[in-house]
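Next come two complexes built around chain A: one with chain B, the other with chain C.
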Partner chain A sequence: MAVIAVEDFEREAPVAPPGGAGGRLRRHMGSLLFLVPAAIWLLAIVVYPVVATVRYSLFNETATKYVGLNNYKSIFSTNSILLTFRNNVIWVLVFPFFVTFIGLTLAVLSERIRWSTAFKTIIFMPVVFSLTASALVWRTIFDTDPHVGVVNALIMTVHDWFSPPGAYPVDTSAGQTVASLASTGLRPGPHGTLLSTSTVSPGRTIELGMIGITPATLTALNAQRAAAPSPTPGAVTGLVWRDFSPSHPGAKGKVFPDEVGLPKIRLALVRATGGTAATTSTAANGQFTFSHVGAGAYRVQIQSSNFTAAFTGVFWLGTKSLTPTGQLSQTEQALLSVPLVDVAMIIAYLWVWAGFAMVVIGAGLAALNREVLEAARIDGATEWQTFRRVTVPMLMPVLIVVFVTMIINVLKIFDIIINMPPGSSQGDANTLALAMYNFGFGNGVHTGLASALAVILFVLVVPAMLWNLKKIKG
Partner chain B sequence: MTSVAATGEVPGGGAAGLGRAALRRLRPSRWVINLVLVVVGAFWLLPTVSLLIISLRPEGLFTTSGWWQVFTIPSQLTLHNYKVLFSNGLAPGQVLDSLVTSLLITVPATILVTTVASLAAYSLVFGRWRGRTTIFLVVVGLMVVPVQVGLIPVTRLYRDMGSWIGWNPFGTIPGVIIFHVAFGLPFGIFLMRNFFMGIPLDLLEAGRIEGANEWTLFLRVVLPLGLPAIASLAIFQFIWVWNDLLVALVFLGGNSHQPLTIFMFDQIRTFSASYWEISTGGIVSIVVPLIVFFAFQRYFVRGVLAGAVK
Partner chain C sequence: METKSGASLRTPYRVGAALAVLAVVGAACSSSKSPTTAPTTAAPSATSAPSATSAPSATTAAGGLGHVGGSVSVWAEWTSTEQADFLAALKPFETATGVQVNYAGKGNNTDTAVESAVAGGAPPDVALVPDPGTVLTLAKQGKISDLGPVIGSEASNFGSAWNDLVTLNGKLYGVWFKGANKNTIWYNPAEFTAAGITSPPTTWEQLISDEATLKAAGITPLSLCTDVGWPVADLWQNVYLKTAGASDYNKLATHAIKWTDPTVTTAFATMGKAIQSDYLLGGTTGALANGAYPDCVDKVFPKPGTAPTAAMVIEGDFVVSEITGNSANYTAGTTGKGGAKCTTDPSKTPCYDFFPFPAPAADSANNSAIQGAGDVAMLLKSTPQSQALMKYLASPEGGAIWAHLGGFASPNKQVSLSSYPDPVSKLDAQELVNASSFVFSLDDLQGSWEKQMWQDMLNFVKDPTTSNVTSIEGTMDAQAKAALGH
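For the complex of A and B:
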């Protein structure tokens, strides 16, 4: 069981041993001596530092001058430190609940399978890994590049299924626009398309010039030299080309011999009255043909699918906030934003600790009184009712132990924060424990601030300490 | 949880029968639970497996295709990254040196915690001095003290020791060990005391009447009986210290020998996204705790259960 019941505290004084006062004293000394190493160790390295840290927290950055509560004041008035409280609050509010919930679910389900030992071992394994290694694992999983990070790879698969990337991607999030690609005979059309400025009828040709296409794109598409189209009876023919000549950089609107056609552009022939008459795409030299077209005036449309940007990956370990914070002041942002990197880290941390929660809760389950559960079933309670009304209430003490343990754990969270987010996100992912380390031992050491943060951390775990004591005293 | 559970029973008509059948259907069948847990298990295993695969794929493939391609093209796997990792042998700052450093920190810290905690717990349980309860409650209170509280004062204490006794443990392996032992003791004493409470006093009294001293009783009676608890504590402590980053980061600063966690920490900082390079160190670092865990799984879990409050 998780909570080891502490039986009789001090047993009755044993019968006085023979041998008189001297022997008794020696005996007392004997067992007291056993306590000495532990006592010295704890007094010097645990108890004394608690006092010393409180004292340092009232001193300046080099611990040479008394500054009163100034360190605490600057902690609560500096945005970059205030946000560590925000992150600690996010962790405390979200993590213990989810890890207990997952642990409970897995513990209950794994009771029903034959291979529960193997299952529990698999789930528990990450508990024995260093958090540094786990941070590394999840750094790769959440990597922005869809060729590296499996999460973004999955999203890319779904993304490409619904909107396959075009040959000429335009990254609107980077400020590029489709309209800026129009050079000759083109104007922006509806829904991210480009439309010919003039109309064309069968037997005539049309030339459409685009700019802003990178040489790398052209090489990849194996673009050939642009050739002027020839008129064909009953068909609309034309050319889409790159309206940029290295030999005549300033001249637009004319097809020069050193200009290339734009291959694989998806086109639609649009009636002046609306509606699509035909579709086609350009050849390697940029030429296209709409054959067997009825008489009339048409415009040529370059479809929006040509410009669909490829999925470049979500920056999971970035600082984009889940809460809208654009209108807020700096301080409000520090207190209220929820950076995406926190979510990624919480997921990683759930993977680490769910096994712990499952094993502790599983031990509690195993110790439950089976007769009560059987009685509930015999009385006609459903599986869910038994779980909700009997199992969970009986497990409550164990669930609370897991919950409190995890609160203490995330209050002190450090390894994941220092290792998982890239440098650019570290400031926004910062927590009390990491800030304490950075002020104490990073660049620009400030012993006073670091000690004050350690004191705050200590004060935050005091309720848990008292709860522990109360529980053990029974 | 609703699921399509094939109960195979046809409701025998009548309102009551229908109700029963509907309720039965709410019970997820064994088959569904098995399937769900297979998926969950695979999901839990995958991150570790992916790190292993990344460490076994060549650099050239890294930016062009994901590690999951291995499932279709297993011939991609190579030990090249590991050859690079181990090529510099035991030179300081290399992975093998870090492996040795980790052991040099972890093994003594583990032995010291188990020894000192067992002695203290013996005194708390079998001693005959007053105030044992109070001392024990103080120890329980110390269990949740964050290590952060100790870092700055102990750094300064170490420095002062340099001027007092001419030995400054800061930046040395013993300095790291001393700190680990101190913060491992409260839990160690707690665990050992709870175990010793189960040893019948009569056993000791018999020895005492025979005239055995406390040391003999500790070595000959209590220690052999307490072996399972000692194993739990030792394994728990081993994994705890092995995986520590913060304490080594602070107290081993400036030393040319660094444990594996710091080796990885440095690699992550230096090579950022060159995962094929970093992942090898990650795999090396998890192998040792995995071996310990699989060899002594039962004891470790027992330690975890007892330490649910730490």
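For the complex of A and C:
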């Protein structure tokens, strides 16, 4: 697409007025006349806006007062704007390389498989999709909730395989601790357990109260009304119950009629001197019995496996930095951190553009001189050597065009940034183009800053653009 | 000052806009979730609007206005349902005076549209704008008329908290027609009942202890709206208003108080107690990942088929349209005995209710200082028709009609509270009327650093430690200085 546009431009270029001798001018009069509408059009929608933007970038937020280079100064001294440069740099360093590499791989692959048209069509499809729709799809794929986001769902499957969540999982992601569940007769024990504060001997009972148990858990486990345990000779009996009564929300330690027992809690009876004497688990009404217990003082321990946290999802679209930032100042953080959300967005964007790279590189591949490849093979080059030493060098001009086009593409990146990260990450995922938009429209308009950002973006894109033009011409 | 709508106006607009951009969902959302909108579902059919209970008797009809004839042009932000409700509210005026109202709904750009029209020399006769700043700006330029002689004693229908906002040099330039209340914390009464909380908290300390009670009952206390930061800013502004008071609030809004001021630190510390990670749905990470508006509201007031996962959500009264949009089953208000009937299951008999944003016990004097938004009418071209309309807008009649239709709260003291269709909207309006001082969203007055301020608020949620607060305050003060020039 880009190539066609450039050709149009070239075709027009030689016709441009040379501004030479009168004779030549007269000779070109006809053609010049035909150029006038296009020239006016260009002036009005390209040249004028560019000049006006540069001018606005030297004015204040309402474009009413000349402020010199102040807008540029504040851009380079504001952390929240500086980080847009960082993000643009991350995008430019990572994305074009990977998209070209993947495009090349896919192009070579598609030449060698059956159904290659179908393959290419599928890979190319995301290019056709609305970028906004793609961003939303990937936002869902990376969703924090493992029941929504497929990435976290995969991790959860593996996580639960190795570490199945307990019946009463603590919400570690929210900072909940096992200790916070202890209410009556319990204190934090070793290794994430809860231990009875008092000792108990056979023939006696013990009541252990816990709080912070979600109603959903109780329903799922079919918890029944808590009943006081009765002493049994030669056995330690007791109750583990939800020490929270809606009718007496402040009262702890007493079993009220509207309180339920906690079922399926794994318990151990530990000797006061150390060592486990017996294990059991609670019934639906929260009662438990350790039978045939030898005389002595024991404590009841609620096993840590009851509380094993469930996998709650990685916040892929969050702002946790991949580089250590602990000791850095705010400005250094703005410049040096690599938020996770950038990685997630780059992956999504690769999915979008890999097909485009594949098609362009594929066209280059198709145009390669097969004789050279054949010659290499006859000379005994392996497939890999042919690819590495012959195909890639011959394809280099195409690869570079793809690479540079993608540099331009990601310098202006916008759609995916505004649509994919949750609002809370948007500030850290911000790029030049989005910052320009945010200052230019909506709440808190600052025409000057927006224009200055536009000028900077323009200046950054120009070298890549010129280089690309030159390459295509050459 | 920026000519923008108040935060509650911005809010749903952003949501609507995002959806519209985001694909197929369609632009209709933005209007259905429009600004100061509360529910329309609870309203009786529009045609029967001015029923016997709400419409004043014939003698006082249309504020005692006689026949005038002719026409008057009116601009306001309302479109679609709200436009129809507004026009219904103007019906008695048209009937009594014979003046034809030519209404144009200008959506979210009403302020800009009005200012451009004034600059262009072709303003409407009357305009209702969501920003009192626009009124004062135009009053300074002499573009709008002093309403004292026009509405006379009707000016006393509004508390000084309201009239002061649109008074310049002792002259009143605006008539408040519609208000929006951000002094609200919405809760699912069934969840409160399950935790044994019989009456909602009235002090900030009680709010924190109720959070602890909810937590002990295994119920997540708060679904924190984070979005791009504006809901956090709304919340923080409430806390600041309740701890520092309206006077300091207005000074901070203009950066006459520095962001490094101790009052700011107090507000951060006070807010931090309520949003500690284990009180939030999904913890801090969950709040940041899933706190988009209105998703955060749906966690507390879900659609049928899902159970609520948190007990409270903090935002302005515009959440009502989201709640009632999720299910028509939602019943307004439940305080006291009615609460027992409420279920957590949205397919049965769910309820919604709010309690006024509480000040700390020591600052209870600030309880009637209210943050919100509103639409204020101004007189751009003084004609007999437009003067009659201003008089009518200042009278309680139009407001009572719209109140009855639902989705409306009037700052007008004379609008009878019995006009409101349910106890929640009644209490909502009552707060507006009784406000000792009324402040607009502070972030909207921050000019070009507003979005940076939201980001700073999110940074606070991410890390509410004292050292981070100190660093955030420094950043905010520098940003305010750069943007406001002092």
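Note that in this section the second predicted complex is superposed on the first by the 326 of 474 C-alpha atoms of A that agree within 3 Å, B and C clash if a C-alpha of one lies under 4 Å from a C-alpha of the other, contacts with A are read in each partner's own complex, and residues count from 1 in each chain.
As a working rule, a residue touches a chain if its C-beta (ideal position, glycine included) is under 8 Å from a C-beta of that chain, and two chains touch if they have at least 3 such contacts.
Since this is a predicted model, take the numbers as computed values, not measurements.
When the two structures are aligned on the shared chain, A:Leu136 is found in touch with chain B and with chain C.
In the superposition on chain A, A:Leu373 makes contact with neither chain B nor chain C. Using the contact criterion defined above for the overlaid structures, shared-chain residue A:Ile400 touches neither chain B nor chain C, since it reaches no partner.
By the touch criterion defined above, A:Ser424 reaches chain C but does not reach chain B. By the touch criterion stated above, A:Ala227 is placed in contact with neither chain B nor chain C. Within the superposed three-chain model, A:Phe315 lies in touch with chain C and out of touch with chain B [touch as defined at top].
Once the two complexes are laid over each other on the shared chain, residue contacts for A:Asn438 go to chain C alone; chain B is not touched. Of the two partner chains, chain C is the only one touched by A:Gln330; chain B is not. Counted by residues of chain A touched, the larger count belongs to B, out of chain B and chain C. In the superposed model, A:Ala216 lies in contact with chain C only, and not with chain B.
Chain A residues in contact with chain B (one complex) as well as with chain C (other complex) are 130, 132-133, 136, 143, 145, 418-419, 422.
Those residues of chain A that touch chain C in the complex are listed here as 61, 74, 78-80, 130, 132-133, 136, 143-145, 171, 173-176, 180, 183, 211-218, 242, 244-250, 312-313, 315, 317-319, 330, 418-419, 422-427, 438-439, 442-446, 449.
Interface of chain C with chain A (complex): residues 2, 4, 10, 14, 21-23, 193-197, 213, 215-219, 226-229, 276-278, 280, 282-292, 307, 443-444, 446-452, 454-455, 458, 461-462, 471, 475, 479, 482-483. Of all residues in chain B, those touching chain A in their complex are 1, 23, 26-28, 30, 33-34, 36-37, 40-41, 44-48, 50-51, 54, 62-68, 116-117, 119-120, 122-124, 126-129, 132-133, 135-137, 139-154, 156-157, 178-179, 181-183, 185-186, 189, 194, 197, 201, 205, 208-209, 213-215, 218, 239, 242-246, 249-250, 253, 260-261, 264-265, 268, 272-273, 275, 278-279, 282, 285-286, 289-290, 292-293, 297, 300-301, 304-306, 308-310.
Those residues of chain A that touch chain B in the complex are listed here as 1-4, 6-7, 9-11, 13-15, 17-18, 27-28, 30-35, 37-39, 41-42, 44-50, 52-53, 56, 63, 106, 109-110, 112-113, 118-119, 121-133, 135-141, 143, 145-148, 150, 153, 351, 354-356, 359-360, 363, 382-384, 401-402, 404-405, 408, 411-412, 414-415, 418-419, 422, 433, 436-437, 440-441, 447, 450-451, 453-455, 457-458, 461, 464-465, 468-469, 472-473.
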